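Below: a set of structures, written as structure tokens.
Below are two complexes that have subunit A in common, paired first with subunit B and then with subunit C.
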Partner chain A sequence: MEIILFELALTFYFTATIVSIMELFKGTKTTSKIMLSLSIIGFALHTSNIIARYVISGHIPIANLHEASSFFSWCIVMLFFFLEYRYRLGLLGSFIMPVVFVLMLSSSMLPRKIEPLSPVLQSYWLGIHTVLAFVGDAAFAMAFGVGIMYLIQEHYVKSKRLGGLFQRLPSLQMLDEVNYRLITIGFPLLTLAIITGALWAESAWGSYWRWDPKEVWSLITWFIYALVLHVRLTAGWRGKRAAILSIIGFCAVLFTFFGVNLLLKGLHSFK
Partner chain B sequence: MKIVVIGLNHKTADIELREKLAFNGPRLEEGLLKIREIPGIRESVIISTCNRVEMYLNANDSGKAYESIKDFLAGFFDIQRESLDTALYVYDEMKAVKHIFRVASSLDSMVVGEPQILGQLKEAFEAALGKKTTGVLLNRLLKKSISVAKRVRTETRIAENAVSISFAAVELAKKIFTDLSGKSFMLLGAGEMAELAAKHIISNGVRDIVVANRTYERGRELAKEFNGRAVKFEDFLHEMVHSDILICSTGAQNYVLLKNQMQKVMKERKNKPVFIIDISVPRNIDPEINDLNNVYLYDVDDLQGVVDTNILERQKEAKKAEDIIEEEIETFRKWLSSLDSVPTVIALREKAESIKKEELERLINRLPDIGEKERKAIENLANSIINKLIHAPTIALKEDTEDKDMLIATIKRLYGLNGEDDVEK
Partner chain C sequence: MEKEKNKTIIDKVWDLFASVRLAVVIFSIISLTSMIGTVLEQNAEPEKNIDILVKLLGVGHEAAHSIYGVLDSLGFLNMYHSWWFVTLLFLFASNLIICSIDRLPRVLKLVKEPVRPLSAEHLEKMSIKKTLTLKGKTSDIKEAVSSALKEIGFKPLESSDNNRIQFYAEKGNFTRLGVYITHLSVLIIFIGAIIGIFFGFSAFLNLPEGSASPVAYKDRGVEVPLGFEIRCDNFDVDYYPNSDMPRAYQSWLTVFKNGKEVMKKSIVVNDPLTYEGITFYQSSFGTVPDSMNNGIFVFRLVSKDGKTAEINSKLGEKFTIPGTSVEGRISNFSPAFSIDQSGRAFTYDEQMINPAVYIEFSESGTTKFSGWLLKRYPNTWNLPDGNKVEFLDFWGVQYTGLQVRKDPGVLIVYLGCIIMAAGLYITFFMSHKRIWVNISDEKKNMAILIGASANKNRVAFERKIEKFVGILNAGQKGGK
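== the complex of A and B ==
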């Protein structure tokens, strides 16, 4: 049952992605409405899938990489709806839905077995720590998409060729502001995720910090975003530079998420 | 019953003549009422804008209507009848429909795609409705024109891009800053073109307007006009720290703003974006400034380039719009021709009904003993016979065929439908 829900969600996200890419070439109000409706249906199915897994396993379903990247995508879509509702950034979906689809696709290719949680991890910290981390990462993913939009729009304005997407992309100021706001949401969440992680580690393994690869890379990510905020506030690194940094930051997020689990071994690795 | 357009526009009449023929305010209603008195004209709408004066009519004959409208205009505006000879154009039937659709969709405008015309057309229609000078034909036509124009606007990008330098500057400013209210603006120098662009920017709600001019007095005059403040020319660099938009046109022969100066300004404003429009020729601002982060510099050629691509874009979109209009003309033509056959259909049904009634009465009189049930059955039989008989010709009449006139004539003759002209009224 929950597998069918997942497949259906994936299918809807896939069609939404196709429509969102088509929208780049020839967009009308109808295409963006179709794209949004498909995403909403996908999201509803996706939510049911997560609830189903929660009911079956009895804990928040982020116990393996399949569940984790699925949950990560879910957070991104939720945040996407929020931004869409709040700011109505034109073409945002075209830059976010592909990210969601790729994450969901990777999730679908990973083993999906619902596994019992090892006793060490059975704690209320599991929910707190992971949800903080994932919502934070989702904000960074959005900042990544918005950053790319900024770079494209900035390229149009600088090169003085105002064709293509220029008319439909939001203004530079708007993109820069949203990018900044997303990072100011993501950064404290990441900070809290690292702190709660340390507390949990202390109660589970007996020490706050063990230089496990995941911890190291989270710290690197944390430093990158700290830098983004720092140079923005002190040296006025806004606009293009901020956009580039938020893209680099998201690469660190992705590596922390996938790279560490697939390439390096550590305490955070799933079975 | 014929749709006729008689009018003049910026292509056929110069501004002087257009001014003389403007139906302003109460003159419009007066004109509508005068036209109603003209024999042979059943419906009328007058649209009067600075670029066109047109009358949309439902007239019996376009040639006669043309002559009487000419008389009317000459009398109404007290001008020489001959001065209208070359200016007035006449279109009738489908050409007239096409013309009105194109006008509404802003394809016939001086600036193709300008949005005002649709509103003006709606006002003209409302004025005519108010004076009850329209009927079935023009109501349908005008409503259709408005919906065609809306369709053109949503399905093409005809009105999307700015086609003048000043508007292009505003459009760019809006893509750099979300909206211009709350932004501060500086005018450097006081060239005429700069003034025009400045007016456009200011009309979009910028706050804090600063004018820096070499002759301080002139700067103060302009500042007063814009509700801003004047500063000494030497102080402009200092002011730039707070200015988000700068329009420059000083008439200097060399650069008044260099890259290293701008770098300092950017540092002081913490890299907040700046949009600089250099309208001066020769240029007054070092073009390399555009390489700085968060600085967007456009000179006249850049803006003209934007305008040129926009015009090209509009022309491409105009082609799509013409296709839409062709499509809509076709549906309108179908409606029109169904209108012709309607009186015939009605006459046919009435003829059948009257025969049925007559025959039923005769039969009932001859059979006084039958009950209610039998009487109903006989009536039903009669009804279904006439319905089935007139079904096929009715369908044929409603169908859209080339030889419809002939078909209508044939049906009239076969069924002996005379007095059809009475039905039409």
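== the complex of A and C ==
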């Protein structure tokens, strides 16, 4: 049952992604409405899948890479709806839904078996720590999408091609502002995730910091975004440079999430 | 240019450490070197990392060996504790301190400076500006403006000259210190960590069931005296049904100080025991080598008619079911019992994953039956004649692996974390807001000019101003 819900959610996200990409070439109000409706249906199915897994396993479904990746996409979609409602950034979906789809696709290719929790994971920190981390990461994912939009829009402005996409993309100023806002949300959440992780590690392993690859990579990510904020506020690195840095930052987020689990050894491996 | 020349070296160094440029360089170097540290396995056997180098760089084993030598001499194999990485962290801290000291006096001066009345020309140029006209007596309007300001959370001050009255107020003045609070928190965490390194230790202790130890062991077997004794009374693993995945493992520990029992606690992962600042964490477990023959079986014997007895027994020994003449002899044991396809019993692991005991039963000298009793499967405890042997424990063969830690700095680190969370909240979610409201008498009407500014999140503040205007307008309608 929950697998069917997942497959259906994936399918709806996939069609939403296709429509969102078509929208880049020829978009009308109708296509954007279709895209949004498809995402909403996908999100509803996805939510049911997460609830179902929660009911079956009795813990927040975030205990293996399949669940974590799926939950990560869920957070991004939720934040996308929020931004859509709050700022109405034109074409945002075209840059976010592909990210969501890729994450869901990788989730679908990972083992889906509901595993019992190992003793270390049996802690209330599991929910707190991971939710903080993923909502923060979702904000960084949005900043990444908005950063790419900025670079494209800037390309149009620079080359003075002021038709088509230029008209439909939000203004550079708006994109820069939203990008900054997202990082100011993501950064404190990432900080809290690292702090709660440290508290958890202290109670489980007897050390709040062990230079484990996951810890180090989240610190690297933290440094990158700290850098983004510092150069923005003191050296005035806005616009293009901020956009590029937010793209680099998201690469670090992805590596912290996938790379460390799949390539490097450490305590955070799910078993 | 002239100024630059007059600077002493100290000034130049100060300027360097006060610069964000240095911060950017340090952030980048720490990040880049840290990446290398995650690829190479830290504190591992040389062969492991040589293999990693061979795979990663595509070089031969010889070349990997010499690269390993270079990396080793540069400290990359225990990188996060190497002199140069610690130096980087200290540079980071110095940068943070000096850059904060350099900027703080200016910011403090700004924060202390109270908001002042401004001229109408100034207000016209503010980033948030609103005008409206109201009808009514001066005193009523004054009252309305003042109370509306209070309603949106300001404490207004008043100034007046000629026919112009101005209310002005500010809020969140201190929020400009948020950045420095955050910087301070990083330093507090550093201080906590340093205290932990100098006054704490991290050690390990494998404690077999029934034994006690006055020491724990650091790397390379260096003993650390605890100042008391710790004993493992019992250890047990609980597995998920039909799986070899542990659900929980638990140690029952007792602390002795000067020979007297002072504390007793059972610990599990995520719930340690702390005594005199030293904390014992459930970390691992295992089987003591060559201990099977001395292990003690704990059985509860239940006869057909309900008589019970709890007994301790060893391999090769005999026991009798209470109230009967049924005798059991423990003839074999398997720590990890399984049955292969042809029905033969075999042991699949040295660890006590699925302990099973083979008992031969006899009554007045004649063999009745025999079979395997499995600790994890109570349905194997029932005997064909209605009696029952409950397999409770096989004691004295497992050890509990304890992580032993003393860290007097940990509370300081937590304090730093809390301050950091508060600092970030202030920095990113609170803003310094100022508002000026001019009331000038223009014959029949009162002209209201609002000027306001916020250093962050202006949109939200603008909404608040809208609300303020709304309150004033609503007051007008109500007054009619």
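Convention: the second predicted complex is superposed on the first by the 268 of 271 C-alpha atoms of A that agree within 3 Å, B and C clash if a C-alpha of one lies under 4 Å from a C-alpha of the other, contacts with A are read in each partner's own complex, and residues count from 1 in each chain.
To be clear about the criterion, a residue touches a chain if its C-beta (ideal position, glycine included) is under 8 Å from a C-beta of that chain, and two chains touch if they have at least 3 such contacts.
Quick caveat, the model's predicted, so the values are computed rather than measured.
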item: Fit or clash between subunit C and subunit B when superposed on subunit A; value: fit
item: Partner chain(s) touched by A:Gln153 [first = subunit B, second = subunit C, both, neither]; value: first
item: Which superposed partner A:Ser37 touches (first subunit B, second subunit C, both, neither); value: neither
item: Contacts of A:Val260 with subunit B and subunit C, given as first, second, both or neither; value: second
item: Touched partner set for A:Arg241, first subunit B, second subunit C, both or neither; value: first
item: Subunit C versus subunit B, contacts on subunit A by residue; value: C
item: Where the C-alpha centre of subunit A sits as vertex, the angle toward subunit B and subunit C in the overlay (nearest 10 degrees); value: 150
item: Overlay on shared chain A, then closest C-alpha pair between subunit B and subunit C (Å); value: 6
item: Common interface residues of subunit A - those touching subunit B in one complex and subunit C in the other; value: 235
item: Residue ranges of subunit B touching subunit A (in the complex, touch as defined); value: 154-155, 157, 160-161, 172, 174-178, 267, 269-273, 290, 293-294, 296, 298, 302, 305-306, 309-310, 313
item: Partner subunit B, residues of subunit A touching it in the complex; value: 28-29, 153, 157-158, 160-163, 166-167, 169-174, 177, 235-241
item: Subunit C partner contacts - residues on subunit A that touch it in the complex; value: 115-116, 118-120, 122-123, 184-185, 187-188, 191-192, 195, 198-200, 202-209, 211, 213, 216-217, 219-220, 223-224, 226-227, 230-231, 234-235, 260, 264-265
item: For the subunit C and subunit A complex, residues of the former touching the latter; value: 20-21, 23-24, 27-28, 30-31, 34-35, 37-39, 41-42, 80, 193, 202, 240, 243, 245-249, 268-272, 279, 281-283, 403-405, 407, 410, 413-414, 417, 420-421, 424-425, 428-429
